[in-house]
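Pasting the structures in now, so scroll down.
Two complexes come next, and they have one chain in common, chain A, joined by chain B in the first and chain C in the second.
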Partner chain A sequence: MNFVLNGQPRVWQPELTLETLLRQEGYITPIPEAAQSDGSCTASIRGGVAVAIGQQVVPRSTWAQRLVAPEDEIELFQAIAGG
Partner chain B sequence: MTKQSPMGTPQAAEPFASQDEMSWRRYGRQMLLPEIGEPGQQRLGQARVLIVGLGGLGSPAALYLAAGGVGQLWLSDDDVVATSNLQRQILYTSADLQQPKRNAARKRLAQLNPNIRCYAVTAFAESNGKQLLQPDGQAVDLVLDCSDNMVTRQLLNRCCVELQIPLLSAAVSGWQGSLLLFDYRASAISANEHDPGCYHCLYPLQEEPILNCQSAGIIGPLAGMVGALQALEAMKFLLGLSSPAVGHLQQIDALSGRWQRVGLRADPCCPICRSPNPPTKKNHAMPIATESMEYRR
Partner chain C sequence: MTDQSRTTPLIIAGRRFGSRLFTGTGKFASAQMMSSAIAASGSELVTMALRRVQLERQDEQILAPLTQLGVHLLPNTSGARTAKEAVYAAHLAREALGTNWVKLEIHPDARYLMPDPLATLQAAEQLVADGFVVLPYCSADPVLCKHLEAVGCAAVMPLGAAIGSNHGLSTREMLKIIIEQSGVPVVVDAGPGAPSHAAEAMELGADAVLVNTAIAIASRPQQMAQAFRLAVEAGRLAYEAGLASRRVVAEASSPLSSFLASLS
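And then the complex of A and B:
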């Protein structure tokens, strides 16, 4: 069984939460304190990711509870701030 | 057709033309749309909009809102026009180099449409934010976030939530563009089946994303397209037309041509819009940075 992440099929595993998936994919990483002020850390954009499943955003505080279901279509949206 | 003087500038309108005649002459093409007409044009003429950031997004957004007869525009920016801006910031010409953007923008918009009022105001900041949102004591009808940094975006969101002012937020970077429309008016929130929350629910960030226009680059027409889309959604909102943009994130990948639209959902733990008590001045100091750390763990 597969689910889809950003258009790519992935093998589904039971008990996989959204948070674990995002951690495995490198979208949630701790930010070294020294790197926060000058924006030099790649983790900052990873912290700025929003997740949608089936065209609806999944609130961030529910990522740890939300189990990835087979055939979920997950899309990630990275924050951009330019203007 | 308007008569042209030898210098190529339109002659002054006939002194006895009524307001309606003036409107039809200038805005007739959009007033022909059944959703606009005379009542819609009057509505636009009475509308008050704050534009935060007069760069790649703010340029086309301000030009179209001014051209379309949005009655009052507050133009907020502290930068001066630099040569590197001219590739995409179409409000300005080479003659405007080193001029404050807000002044150059005001001058350009007044030339485009002398029948509206434009005010040049300073950049949006903690100290003046609420004042800019209520420039003459009364709240503006809509805020356009055309800024180029996350600090301003979070501050603007927090103030709009608190004062219940609708926020139309756009961003561009690289080949990516995005648009978000939050209707923070109490009536709109209670009428919404799914509460879309606020900007902070979606992106609880205080630090800058690593990619901005300086580091990631930006292609001019993408900024133009997203800024024009922002003006379009602004006019629809001010006209009271329903729009699928409300409560949605729209993201455009200009390289692949892919457009995506997803529904927003409030985060039940959001400290900005879920707070049982509105934040007070005292705890405004550094709330966002601390809270976003918790999210990242």
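And then the complex of A and C:
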């Protein structure tokens, strides 16, 4: 069974959480203490990444609990330079 | 004695800005150049875009240097062609960057990148309801700007000219009306290709200017950023000082006395 990550098929494993997947893909890095100042700009947290499954944004607070299901279409987005 | 060289601070949605120059992060040759240019600009609000991750390649990290600069981030919805896409992009950006501020931009046509007024208004209303601080990039249309204000946008960002065109204020007369009528801050976004254009916008009474291309593609971005900083400050100072009005006929600056008459 497969799930899909940004268009690429991946072999599904039981017990795989979103957080584990993102860690494996290198998109979760430790949160620098200095980044959490007034809460208005928690910029460097986890490299500015957002995740959606089936076009529904998955809040970061639930990544550790959210199990990847077979057939899930996971989309990973990242903040980049822009005007 | 009060310091009269300081202009009044700008407040958007309760957040105070010392600098009236906002900058974009696109088109710089490197993250290092971007970082030094933004530092030189004095900008406290900096735009970013969002993109679907391309798994096979790594983009240069610009988030860490921006965090070090201590600037506030303003994610945009660039790439969205409809209101629905823009709302989705805004929600993703809020999750990615941990800010509820968003530069709403919807331009279905890549040639001129003109913002879609109907979709922008529709998405703005939705995003305000979803708890966002919405700063819409929009046409320099005074009626549209009032509509955007009415649905709860925290500012309006009318264009001076097409994105990246460096034309300056093609929409000058419309901008004057927008500034006169607006109950929210007016940020002139897109168009300024030279510091003089930015100064012109500020002299008209714009509350801020957002500049990206003109700084990013300069031979020396850091120096150009400083030039824009000075121009924005000068324009604002002039606006607050009260500009002299234009006249058709001359008015002498020196007394026109006839003490030379005796020479003839």
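Heads up, the rule we're going with is that the second predicted complex is superposed on the first by the 66 of 83 C-alpha atoms of A that agree within 3 Å, B and C clash if a C-alpha of one lies under 4 Å from a C-alpha of the other, contacts with A are read in each partner's own complex, and residues count from 1 in each chain.
Keep this in mind: a contact is a pair of C-beta atoms (placed from the backbone, for glycine too) under 8 Å apart; a residue touches a chain by one contact, two chains touch by 3 or more.
This structure is a prediction, so every number in the text was calculated from the model and none was measured.
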Point to revise | First (chain B), second (chain C), both or neither touched by A:I28 | key: first
Review point. What is the contact status of A:Q78 with respect to chain B (first) and chain C (second): first, second, both, or neither?
Key: both
Check your understanding: Which holds for A:L5: it touches chain B only (first), chain C only (second), both, or neither?
Key -> second
Exercise for review: Using the superposition on chain A described above, determine whether A:P59 touches chain B (first), chain C (second), both, or neither.
Suggested key: both
Practice item. Pick out the shared contact residues on chain A: the ones touching chain B in one complex and chain C in the other. Key: 37, 39-45, 47-48, 50, 52, 55, 57, 59-60, 75, 77-83
**Study point:** Partner chain B, residues of chain A touching it in the complex
**Key:** 28-31, 36-37, 39-45, 47-48, 50, 52, 55-62, 75, 77-83
Practice item. Spell out the residues on chain A that touch chain C in their complex, using ranges where they run on. Key: 5-6, 8, 25, 27, 32, 34-35, 37, 39-45, 47-52, 55, 57, 59-60, 75-83
Point to revise | Residues of chain B touching chain A in the complex | key: 53, 55-58, 145-150, 153, 170-174, 176-178, 197, 201-205, 207-213, 216, 218, 223, 249, 251, 260-270, 292, 295-297
Review point. So in the complex, which bits of chain C are touching chain A?
Key: 15, 24-28, 34, 47-55, 59, 61-64, 66-67, 70-73, 75-76, 78, 88, 91-93, 95-99, 163-164, 210, 212-213
